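A short worksheet on the structure shown next.
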Amino acid sequence: MTDLMVPHEAEVVERISESATIFTLRLRFRDGSRHARYRFVPGQFNMLYLYGVGEVPISVVSDPQDDALFDHTIRAIGRVTRGLSRLQPGDRLGIRGPFGCGWPLEQAQGHDVMIVTGGLGCAPAVSVINYVMRRRQLFGELVIVQGVKHAEDLIWAQRYHRWSRMEHTQVMVAADVGTALWPWHVGPVTELFAQARINASDTVAMMCGPEGMMRVAADHMRALGIVEGSMWLSMERSMHCGVGRCGHCQIGGKFVCKDGPVFNYTQVKDLLPVRGL
Amino acid sequence: MENGFLCRDRFQDLLEALRSLGYQCIGPQVRDGAILFVALVAAEELPRGVRDIQAPGSYRLERTAGPRFFGWANGPQALKPLVFAPREVLWRAERAEDATIRFIPELPPPLRLAVIGVRACDLAALDLQDRHFLGPPAEDASYAARRASLFLVAVHCSDPSDSCFCASTGDGPRASTGFDLALTELDDGFIVESGSGRGAQLAASLALDAVTGDMRSEAAAQAEAARARQRRRLPSRDLRAALFARLEHPRWALVAERCLACGNCSSVCPTCFCHAGVETPELDGAASVHARVWDSCFTQSHSYIHGITVRSDTRARYRQWFTHKLGSWHEQYGRSGCVGCGRCISWCPVGIDITEEAAAICTGTGHD
Amino acid sequence: MGEPAVMAKKPRVAVHKFSSCDGCQLAFLNLGEDLLRLSSMVELVHFAEAGPVDPDAEVDIAFVEGSISTAAAIERIRSVRSRSRFLVAMGACATAGGLQALRNLADGAAWVADIYAVPAELDLLASSTALAQHVRVDLELWGCPVSGRRVVAAVRALLFGVSPVEEQDKVCLDCKRSQTVCVMVTRGLPCMGPVTRTGCGALCPRFGRDCYSCYGPAENSNVEALGRRLEGVGLSRTAAGRRFLSINSAAPPFTEAGRRRAQDHE
């Protein structure tokens, strides 16, 4: 029997610094046959084990077709993630996964796609953007919406500029607090929603970020005419096991690790407005 | 299936029969002022004549001259620690000089345990734990190993405590399923029934007398009395809709003023399954042990994610425990997570009563 | 909690002492084999009770025992801070002012006059305070004394380059994990476990006695509800208050809970 609780050894092949606190680890399993068997979909996550320290759930951000390596973009904020940030090429760690449900990428094919992210570097959504960019002909219009509190919080600004030059792609970035050189909107990101060039009734929306932000964004998207059943969001909770056993990730009756982390909006809309669930 | 009557002075035969099949017996004994399930060698170690007097925040034992071994309701724990261990090592990581890491899975030792004196509520709780730990995506290896080793000898509850409400949840006081053997205790001995093939085999190896009609009617009367004696109840077996419609009920704040957020209710609850991963590296750094330990939704770390504590106050934590136990369990496992054992009432240091809170929260509109 | 800097291969460690009984240093010394292993992994440059003395040494990790109760101590803790990359407040005195902080709530001068022949020779501050009131503290290890296991775990974590785990759950959780029978529920003992930070492994309840909170307040401690309960098991209001005013009397939730009961009585 495969024990889902026991990690497998992986190696850091490359470490990319994204910002002062955000970094990407590019990994491969040491066991070649395990690596060859490893399959994931964007939106799923792995449990990363830092030797002697502990485990932490991190979503996979690379493209499933790039099977030489798999990537994790991580913000160094807790004791494990700060420890992971010190890993260098050649260092070893443990991996369990992938766990959870990913984004509805097959359902989104042939439709317009609106991706809304908030806060600092929302890695789960970036995996979707990359996925759509690689298979551009399979999707309709692509609208990328990113909101940050402060202009200085935006990472990957160059990517947003690059994406905004692509055909059938619209990039809307907003900061609540701008700076002199901030090229995008200053104010709530939701003010931009009305400008989205989509056929709303034929749009699949995917959201990632703070729960309050996603709740407000969903209200605005509904106002645009996007149907609730076509809205998806990625939730975050504490996770120790990844397989629905440890109980930490519950929100209402859902285990975020196995019933999510990607949920249809209709599954969680009653829970989102309640603080402290 | 009814197998016969085991005289009280032949109770040791049952223990010997189990031992001859390779089981170590675990049974109720008085330890530190409570009924605990510990290694049982001789029938004399059983709590003969002992009664438990339970009330919110209080548990006392009393000795009587009565002959019965099982004339009490329950203690702080029964089956949960035997299958979902308070600390379970899952694996060990070893790091070599060249920095490679090797992961070595660990399983609990293959002990065969026969547990004597299990209650109907314990069996109902075990069934819930089974659904949680043995269901998809894959059986939990440690739980499965411990679970497979159990032989369960139930004793129908004849003396529910003041905290008990299993009749209200539909889980007792008579055990109806999930046991290998079930005993009805009468003053002179036990009516033995089997609930599994191996239970029937074991019963067949015992010298049993015939069960008389008088014994049967005494057993039935005893079961009815045990049911009738229970004063506490939940408003309904399914409170999911009622609770999730009242997430902002003022009662949550009131109970939070009394609640210590100590986690005792979740620790004694036979269905609570939350656990935390803990890492214990050896000092020289050459190896590290990864274990899971009982955790509680009443701790800060339970809902901690990258700098944010989702449930930062007791109101949110109590609400999580309560709405999960009586509400979301239905969504997860098709029934309430409460089996009516009353432990959370007795072992709460400040005596918060789940049935009283349920009544206060689930009746009325939620805005009073 | 401070960010642990990447540690040297063999970090330099100092153990300093302020107003205290030396019990936490003893917890260190009592580590036995682990102390030998530890001493091969770190360089113990200052640890007066164990031998090496170099109080002004620059170190990677400083363990500091004791509270700040004199003007000279304020200067010295600042000096220790400036020479230490990672500073650990070790034990109840360093984390909460210790038993000696009882004088903060009383007429300390009168106590001194009662005890000392020449009180003027003492250079005492008005109160005994935790290190964190004077300098930045990277990690607090609570307890009277601190547990050796936690000292070892902290060093191990720092050697791995990560913050040590902060244990702040309640003693009750460890009681239940060790299947210790609750002394409050079965015997009505005035146990402080429901508001006390774990780390001792529920030592007292495991031996059948009530916790007296030598590890200080746990996170989210409902001291009011426990105070009422202590009165419910038979303590007078003053006696219930005194349960909070003991080893960790200067830890804010305890000071408040204790004081309220003391004042109500007056």
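Lettered A, B and C in written order, each chain numbered from 1.
What we mean here is this: a contact is a pair of C-beta atoms (placed from the backbone, for glycine too) under 8 Å apart; a residue touches a chain by one contact, two chains touch by 3 or more.
These numbers come from a predicted model, not from an experiment.
Contacts between chains leave no pair untouched here, as each chain touches all the others.
Counted by C-beta pairs in contact, the busier of B-C and A-C is B-C.
When chain centres are defined as mean Cα coordinates, A lies farthest from subunit C.
Subunit A and subunit C have Cα centroids lying 42 Å from one another. Separating the CA-averaged centres of subunit B and subunit C is a span of 37 Å. With touch defined as above, residues shared between interfaces to two or more other chains in subunit B number as follows: 281, 285, 295, 301, 312-313.
Residue positions 51-53 of subunit A each touch two or more of the other chains. Contact of a single residue of subunit C with at least two other chains is seen at positions 156, 160. Subunit A contributes residues 50-53, 79-80, 82-83, 86 to its touches with subunit C in the complex. Of all residues in subunit C, those touching subunit B in their complex are 34, 37-38, 41, 152-153, 155-156, 159-160, 168-170, 172-173, 176-182, 184-188, 191, 193-195, 208, 219-222, 224-226, 228-229.
Of all the residues in subunit B, the ones that touch subunit C in their complex are 31-34, 36, 57-60, 76-77, 81, 86-87, 257-264, 267-268, 280-281, 283-285, 293-296, 299-301, 312-314, 317, 346-347, 349-350.
Note for the complex: subunit C touches subunit A at residues 3, 6, 156-157, 160-163, 165.
Here subunit A touches subunit B in the complex through residues 1-9, 30, 49, 51-55, 75, 77-78, 81, 90-94, 236-238, 240-241, 243-248, 250, 252-255, 258, 270, 274-277, going by the rule given at the top.
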